[in-house]
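Take a look at the following structure, please.
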């Protein structure tokens, strides 16, 4: 325990000092953070100047900032994590460029024999609707075969890797090239809250790969505890919001006007008639309308 | 005083909670920070992995990182400032894009009547050698006239601004356009240590404008106190270092070989003879050689 | 006219080689560009791989990317401008950090005597609803007084600046500090299409300051001509779209269910009754509902 | 062939439209570019203003910009590549964050059976001095064993991958996790010249992994052809330059003063005596001094 003159976030403090397991060998560890909900407010108030406190309370102000995409005050909070994950997850992770990272190097170090083996329940067929994701459960044969390869191929690769780098002293940077994408890697990762929420928005989404969602969900829990006002506004105005295009707004007006909006089952056909939207656009539109007319 | 599980920097803690005056109305205030010297080391050690502690101690590792421009571990430390400065300084400041900022808005707020008046000693003639800077001291007439304008023009502009926005209720975003570049502005500014040191390198330089150097020098003092290992390496390997081009290395070898390097006064002529360097390049080269042969 | 193997955008070519006037002394000049609408599609198709052309045509694909905020293919197009604008506009402009810039330096050059004088019609009172903008037309006295100051204060400042830097040889970096924020500056500005559209979204908005909107509108015209598919998708899915929060979607459902949505005048009161939204949130919500029920 | 009003780089045009092979299945393909050497100069001249042409010619100006790390004009040139490389190379590549990228997705597409097999000559032992790189040639056994694993492990993994995703219809995002790091991937990559030269500086370096150097060297050739002035300045002032720290400059002066600099073999011992430099620092220092005293 240290004394500090800095502001603290009680919720974030509780996540410090211990890691949370993810998948079979991964973890998330909150290493450090800077600023709490009030730090967001404080930075925003600088913009408005001393004489402008029309938006009186912190929650209201933070909701206002989120609603209007005034993102810079959210950049004033920073989080630093130590994370461990399979390489195929790491490759999705690093697409988020506005972050700092120090990753373990397979050129310097012999990588430990740790690789991801999906649980039976997570082995699924290619989705028929979402051409980048998983759909129905695999057959028993499918699951059994996949599981076998997920275990034996990496086992064999790590045995050969060990022989190359340990017995034959082949350069580590070369030996590792036979290791599978399921191999675990780890890194320090520092990011500001605005960019972290953007990461969460994309990676908590149902279209994100299951394995990275497992990480995103835990990080979301940390943000919710440490920055409850920001997280609540984020959930309401971003995660669970829907954007309607100009054309969708127009068509929605027509549908409401003539009452056809209430016939959910016939909606797609009616929209096709009343707009130039493509069938894919219509299907996404109908999903959004359903969120209104439950 | 708060309790935290986060690492603290004792040196940085002492700068929290009070501001330092700069110029006539400006200030620098360290609002928050994240990480200490060890946080830099810790992130770097992740890259090298558990089995590679060849560089044994923290100072040695941090010097190594700086020497080889391994910049990402320095990004793991973050500082947040509240700063107040004249607008012409702020316009140089914001060129450093890898930072977060929330500035007071002259569209929302009536700007307080505060503008920068240079001290007599800082009023100088255009430099004859450095075509972007100050040179010899101005004459008494020069100083007196400049001082008069520095005071009376902003006085008058602020009087008119006050009349426009307060008496006539003209939109603040319009009224402010007559205010001078010497008007003070303020903002929150958050930046990581790597990018802050790059800022310091450019803005502590003798070619930077005097007024922004005043700010950079104070921030350098904060960094030196809070992150002494990083700052010391930065000073040695960046601020006070010299880079010699391929051609300069070659010519330096020739000069040393035939002993002509010792004749500082004749150096430029000799270099002109033994290389294709332009006169400007030669003059910069000679300055660097003088750093060796004092 | 040059021969090139690069793709060209016919619409963009027509903007090259001549500048467009903005405000009284400003301009926008398209200096160079890279890529056309197909360059966006081409980059996106790399992601999907050779065997995945489910989204058949270019327009459909570009609309899909925009709708789902798949922003990286839009980064594949680049535009470079030469722009000239008053300093108070430039200060808003540079907040967009993901761009490259080379601005004229008042430390090197004597700045020409050019400053922005708003037209009578653009001189307005502080808005009562939008506390960062303009509202009703100013009175004749207001306009006359403002106009006088907009002209005479800069006139005087430039006369004094001329005396300082030309007659008395005071350093240019010092002399300029009395110049007003209405002084014109100019710079080269390079930005990718994704970030440019983000700029346009914020700066074409009715809450942006009139003067920067004048620039944004012209740039929007260039984008529309040069990248018509991207621009059309941007207009539909971003500029003219509306985002509804989770709570707004719920309340909208309730309003539609009991038919109260049709009573526009009573809507705010009904929403206040059926939700915990603040009065400001309600007012923004009602504006969005009006877009549906015209 | 297209007509354009844009400036062209003759050297760059010649690289358009055909790809260059790298390693066994990789390639580099220049897709598009924006700006030539003069575009760098032109942007820089905006900063200096119309009345400041003290640096008369383009070469001199570009050398000046490079020497003084005035990097923003180099950002005004942009290059776009299509590149194909093994995943372990791609993972080093994406560390360069200031770039735009669209990579083939193994979630959408079945990845083609292509993986990197190092040539015999490139299979080497772990270096004893550079703990991240390759050293002496491997023994025949070493080479043979390594080669066997480099071929058979990926062969087996791809066979299993094919069975999973093609025969059993297991989700592609899952099936791919057994593929090795030697698997080829490809992406579009857009970057400005300043950031590209930074990439080249790090990746052409003798400490970079051989495989990424193969790519960097080819890109360097493209830059040299397309932007000869910038490349030449980059080579002289960055790639082949040496930076001497404050302490190294001091010690170098001492060595020159007493003539001990000429005894290369005894240099390390003398430096150890006359400074506090660590043995690693001394060894790097001696290497730099050797560049002067050949």
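For clarity, chains are labelled A, B, C and D in written order, and residue numbers in each chain start from 1.
One rule holds for everything that comes next: contacts are C-beta pairs under 8 Å (C-beta built on N, C-alpha and C of every residue); 3 or more make two chains touch, one makes a residue touch a chain.
What you see is a predicted model; the values in this text were computed from it and never measured.
> Please flag the chain sitting at the greatest distance from chain D, going by CA centroids.
In terms of C-alpha centroids, the chain at the greatest distance from chain D is C.
> So using the touch definition from the top, which pair is joined by more C-beta contacts, A-D or B-D?
Taking the two pairs in turn, the one with more contacts turns out to be A-D.
> With centres defined as the mean C-alpha position, give me the chain C-chain D separation in Å.
It comes to 37 Å between the two C-alpha centres.
> If you average the Cα atoms of chain A and of chain D to get two centres, how far apart are those centres in Å?
That pair's centroid distance is 31 Å.
> What's the distance between the Cα centroids of chain B and chain D, rounded to whole Å?
30
> What are the residue numbers in chain B that touch two or more other chains?
52, 101, 105, 108, 131
> Within the complex, which stretch of chain D touches chain C?
Going by the criterion above, the answer is residues 1-8, 13, 16-17, 32-35, 39, 42-44, 46-52, 72-73, 75-76, 78, 80, 82, 100-105, 108-110, 186-188, 190, 192.
> Would you mind writing out the residues of chain B in touch with chain D in their complex?
Residues of chain B touching chain D: 52, 54-55, 60, 63-64, 67, 131, 235-237, 239-249, 252-253, 256-257, 261, 278, 280-281, 284, 291-294.
> Which residues of chain D touch chain A once you look at their complex with the stated criterion?
Touch list, chain D to chain A: 86-88, 91, 94-95, 97-98, 101, 105-108, 116, 118, 122-127, 131-135, 138-139, 141-142, 145-146, 149-150, 153-154, 156-157, 160, 163-165, 168-183, 209.
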